């Protein structure tokens, strides 16, 4: 099966047209002709789609018919199809690592316009691979078992759905949520577009299911602080912040809250985005899961000063759930896969001062309005201006912190529909005139265009134009005492001034402020905008560049609830695929010490970040533990006597590749 | 059966390698019993014509030391190549250029001007320079031409075996001759020294820590060197890890760092690059400025990493020097 | 502290009260102002409208002169000059064509512009270099009870200035507060006063000015503080025409440097307060005391 | 009621005009303009313009040179840079307006008795000859060229300036006027040459 | 005067996780850049043995580009930091060897920075074009011409001497 030493090297070369993707720029037949004349090349062909079944069949057939023992395929990125062709090589009866791939699509035809230069480049790269592959040897992949438990980070709707999907399939899940309750942004919504069904009605049962599920360990008020290991075998450290309430003992009766020394709720309440009040001891919201109170250490007298009558402890009586001795705790768990669903942050409307948020009290954000129209909100669902009047006219400004080069370039995707939903709720609650200032209405989701149509028919006015500013200075009598919007109605071609009572800013979505830390923690990538980067925008939308780490929901980019749930399900399925197979195959690209060459100089030992290299005192040689080696090759480059080598990236292989790329103009 | 004939010749070298033969002491007696010395200009009065007179391959072996930098040395290298069955590059200069190889950092003109004019100890008001030809008493006299580029022996003629070191130790020399005579030879082109780095035989080896991280580099004269402890662990650049064994770690044993005269192992193409790679990877500094100040401790990277091997390194010579320079008039 | 000083044409003409108050204030704070030798007009908005490259060459001569004088900072009080000189620096950096034209032009006069001199507004220098602490120490007569509308005008904070926000600048607000004045909420602080149009299209320019004055009055301001000679003239000189059209909106407009001088206790005649159409008076406890000479 | 036909024919487009304007530093982002109207909404003078700044941008991008150069919009721009700092696509609209003004003057298509381009030209002429501008003299020249009646309506300002000691009748000028002339000539000559 | 027709050769060593992926992204995004770069994929920039760089130069590269993950983002924790240290010393070494240090470039390019690949490759191509060819293989040949010359001469002088002795 393997070409042993001394065996004649017989190489097969295949160049893929990829339809016109490659052949449109690179002269594939010319490259094939050129390679055919290179030493050791027995077969050289060009073909329309190498990754297709007939393309792969070609390789298999040639291996048998021409007794090939090395294969080179020039096509797309190895990150995309290396596995495909390795399988084909293996199916043809050859060790899959006697294969080398040449990237002439992403690195050549797609990025160059000069056909002649691109063809020459393809020849050089092909030549390099043909030279390189001569040194390839047969290798075996390593199999590592996959730990069946899964960590889900973030308890918004995506995390909840992913956890339940996995748990219902019998997998054990750790769900870690930073806030005292799961639920995320969705828990704050009144109704959901385009169906106008009540957010709480569809979310609450799922939240309770998480709280009650025997396969889910819910750690709220906790954060992941360290991730070690690799796919199938992650060791994760979770920080559990003290909530000063024993979760096992608390039954959520809230007697303690009533008993708190603070008689009145006086601190801004996070759930109502600062518009409501709570006490130092509180439950985040009525449907919170876990149904357990939490003590705010920044507000509680006992925590802050140790001087409090502790009436809460008294009220809890013999349940003894309140525990001021609680300290931060680090817990270690082992999991095989991680699903990151850490969500988004809302754009801070103060960053666009022209809109007067924070200056004019009746300029509110969309999420504030959401709380103001909810019956569980601070006003009991009555939409009022700050002075208690009912608004007669309300304007929505869309794309606040979206599609703007100075803040966020992207479209936040949900604001159009979200605003239309709120506009309908405003009309329902107050009958006020509603004007929506928009740039483009984006309503591509299922049922969304119909919802737009309904909004138009309901008499909501849509003005196409980005609002330039919101002021409180009047030019005409009807503007007195109102907020005045100045904008060009671009469809009418007129600059307009429009006085209204209330303005709602449809703030966009942003990556979480600690997204960069999370990215490092889980070894993911972020796009330039800061959203977590999927492995492939189409083919691997919930995978990341780190195997066994998946993403779902808005941490990957703005999306609505149905899309978040769909991704969460997909991420759960990806994790399950790994768990149910039970093992993963690792690239055999580990480094190894050639013992008889090693002088025992120990130079390599401090180089390894994984402590995979140890010094064998008895033999006075370095020794690499292949199970710990991740294959970076840094020690190979560092070994001063050339005694460490690396499978798949041997010195001779790389050197011949360098020689190859340079030997052709 | 006549004894095999050998030749010993020097090119650009300090004479230390010739000394190494003598340093075999009584060992040389055994050698002389086994071979006839047919050519050894330093010690015995043979002429070039005597070598010419030999049939091709008439010499069993020729040991050539020194780098090749004059026309005469090239000529002699070719002659000895033709006349000998085994041509041995003997010593660091012949193997990899050695100290004379550092002349590849300068042009011939720069060298001549310094040596004959600018050096502080020179008094040469007439600015006389060596000439390749001149007339004296009506007779034309010739001097070999100094080349622009210093070369290793194998950059001029094919070499069969290498005996590295500055100079090779008597033990290595004896072993090499022994191997030649016994016919128990490795593949052609091999280095007749252990193919392992020097640390394997260094007396200080056990004192090297496994968590070395360089905070600063010191040159030997800048520090009081602990005679027991690994030199690298003391921040002194020791080329041992990137240098062949075989010298019994004479320098570290004598409280000086290895400077790399034995050249790299067979697996390394460029000794300096490898040492640089290993050394720099283990610097503890983490940002540009801090790394820079650690590196300042190695003020002459070329001289440090390529003390004996510049002509044999991947770049061979200072690349921006003019390729050709008019021959000395 | 030594600074090079580029007055610009206005500070020698209509806006001379600006220079006449700026220089004593800077001197009082120990800053030396050296007027740039043989400076020329920056070109303002008008030259840019005719030929951009030549406008940049024209402006670059001043930058080159400042560099030749070894100036690190060039103080430029006029908003238009400040914008044009900064814009020229940006254009020289961003546009090879303009850089080439500037090099050719300056080269012909044996000059060169390498961008080593920063163009600074006195407001920036006063607050960010000299500092509010130093200024506070010099205040001997706090502007207690004086309600000021801080008016920055358009060009100084945008688009090249880096010392403050383009929409809601606050540097002068903080300075005025330090002087003891009360700053009124004035959302029009960067709205255009229409100065470049008042002379040519009075109907349009006057209306823009009127809104600024009206809102300052409506928000209870006693005085408008400005940092631009054009704004000052525009807000000050056309009250008659404005009143004819829309009724009285009488409020004085002064340079912030004049208010600084008053707070520092500098003699009124050093501050050129008499150069305004609408006289400014401190509403002090001793009611009726005029800081400005009556006219 | 007068009825006009407003169809635009391809022949009316001046191909490459948009591209020429976008070559002004910072203006290449005009291609990303999403016609949101923030410029018009921000502009204090858009309400007087024949074409709103947004429409100017659209017409420039679509190569409708004449429509843009002949409109009063470019001359009403007071260079307050509000649009430039507010544009969500960071298009340097003010600078585009300058580029349009230059081309209008070059092509001579600006409204003839319209005072703003006259001011620009007078200003430029004074700077070229004296190196500095004397505002009072400039205004008087402008009034004489554009509108003699305006002198009469501005008498109050004149009197006020005399009273406050700001009415200057002597030209401000620089010393090395030759140097300035050399510089501008050198820059202009090579520009034409290239 | 830089030769506009000169096509510099750049060997690039890109790490698998960040820069190689970024180059793929540049492809997917159809960013166009100069065809002068040839990418050798390694798992980590820490695998870049200085021998590879010198070898590339000695075999005709006019420039070498190393691309790795940003500091702090290395897939292998700190491989790129080791590269940074080696790179700094290599630049000093190149200076000593008479090779313009701008011919060796180290760039941190994350998987998301497809456009940065375009910008850097174009920039480097232009810069190398301005620097002109390094052309080491040609230089080696030129250097060795003086030695080759004597082959014939040697034969000639030998013959002459022999004639004289005869």
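For clarity, chains are labelled A, B, C, D and E in written order, and residue numbers in each chain start from 1.
Throughout what follows, contacts are C-beta pairs under 8 Å (C-beta built on N, C-alpha and C of every residue); 3 or more make two chains touch, one makes a residue touch a chain.
Because the structure is a prediction, the values reported are computed rather than measured.
*Asks:* Suppose you hop from chain D to any chain it touches, then on again the same way; how many hops at least until you reach chain E?
*Replies:* Minimal hop count between chain D and chain E: 2.
*Asks:* Any chance you could check whether B-E or A-C wins on number of contacting C-beta pairs?
*Replies:* B-E
*Asks:* Greatest Cα-centroid separation from chain D: which chain?
*Replies:* Comparing chain centres, B lies farthest from chain D.
*Asks:* At what distance in angstrom does the C-alpha mean of chain B lie from that of chain A?
*Replies:* 58
*Asks:* Could you please state the distance in Å, as a whole number, between where the Cα atoms of chain C are centred and where those of chain E are centred?
*Replies:* Here chain C and chain E have centroids separated by 55 Å.
*Asks:* Centre to centre, by mean C-alpha position, how many angstrom separate chain A and chain D?
*Replies:* Taking the mean C-alpha position of each chain, the two centres sit 49 Å apart.
*Asks:* From the mean C-alpha coordinate of chain B to that of chain C, what's the distance rounded to whole Å?
*Replies:* The mean C-alpha positions of chain B and chain C differ by 75 Å.
*Asks:* Two or more other chains in contact with one residue: find those residues in chain C.
*Replies:* As it turns out, chain C has residues touching two or more other chains at 167.
*Asks:* Residue numbers in chain B touching 2 or more other chains?
*Replies:* Those would be 268-269, 274, 277, 281.
*Asks:* Which residues of chain E are in contact with two or more other chains?
*Replies:* In chain E, 46, 49-51, 55, 82, 86 touch at least two other chains.
*Asks:* Who touches whom among the chains?
*Replies:* Between chains, contact exists in these pairs: A-B, A-C, A-D, A-E, B-E, C-D.
*Asks:* Can you list the chain A residues touching chain C in their complex?
*Replies:* 353-354, 359, 471-473, 475
*Asks:* If we count contacts the way the header does, which residues on chain A are in touch with chain E in the complex?
*Replies:* Those in contact with chain E are residues 77-80, 103, 105-108, 110-114, 117-118, 120-121, 124-125, 128, 519-520, 523, 525-528, 533, 537, 545-546, 589, 607, 609-610, 630-634, 636-638, 646, 649, 651, 654-655, 657-659, 661-663, 665.
*Asks:* With touch defined as at the start, can you tell me which chain A residues reach chain D in the complex?
*Replies:* Against chain D, the touching part of chain A is residues 354, 399, 403-406, 439-440, 464-469, 486-490, 493, 495.
*Asks:* Write out the stretch or stretches of chain B touching chain E in their complex.
*Replies:* For this pair, the touching residues of chain B are 49, 52, 68, 71, 74-75, 78-79, 105, 147-149, 151, 155-156, 268-270, 272-274, 276-277, 279-281, 283, 285-286, 288, 291-292, 295, 298, 300-302, 305, 313-321, 323-324.
*Asks:* Mind pulling up the chain D residues that touch chain A in the complex?
*Replies:* 29, 32, 34-43, 46-47, 52, 54-55, 86, 88-90
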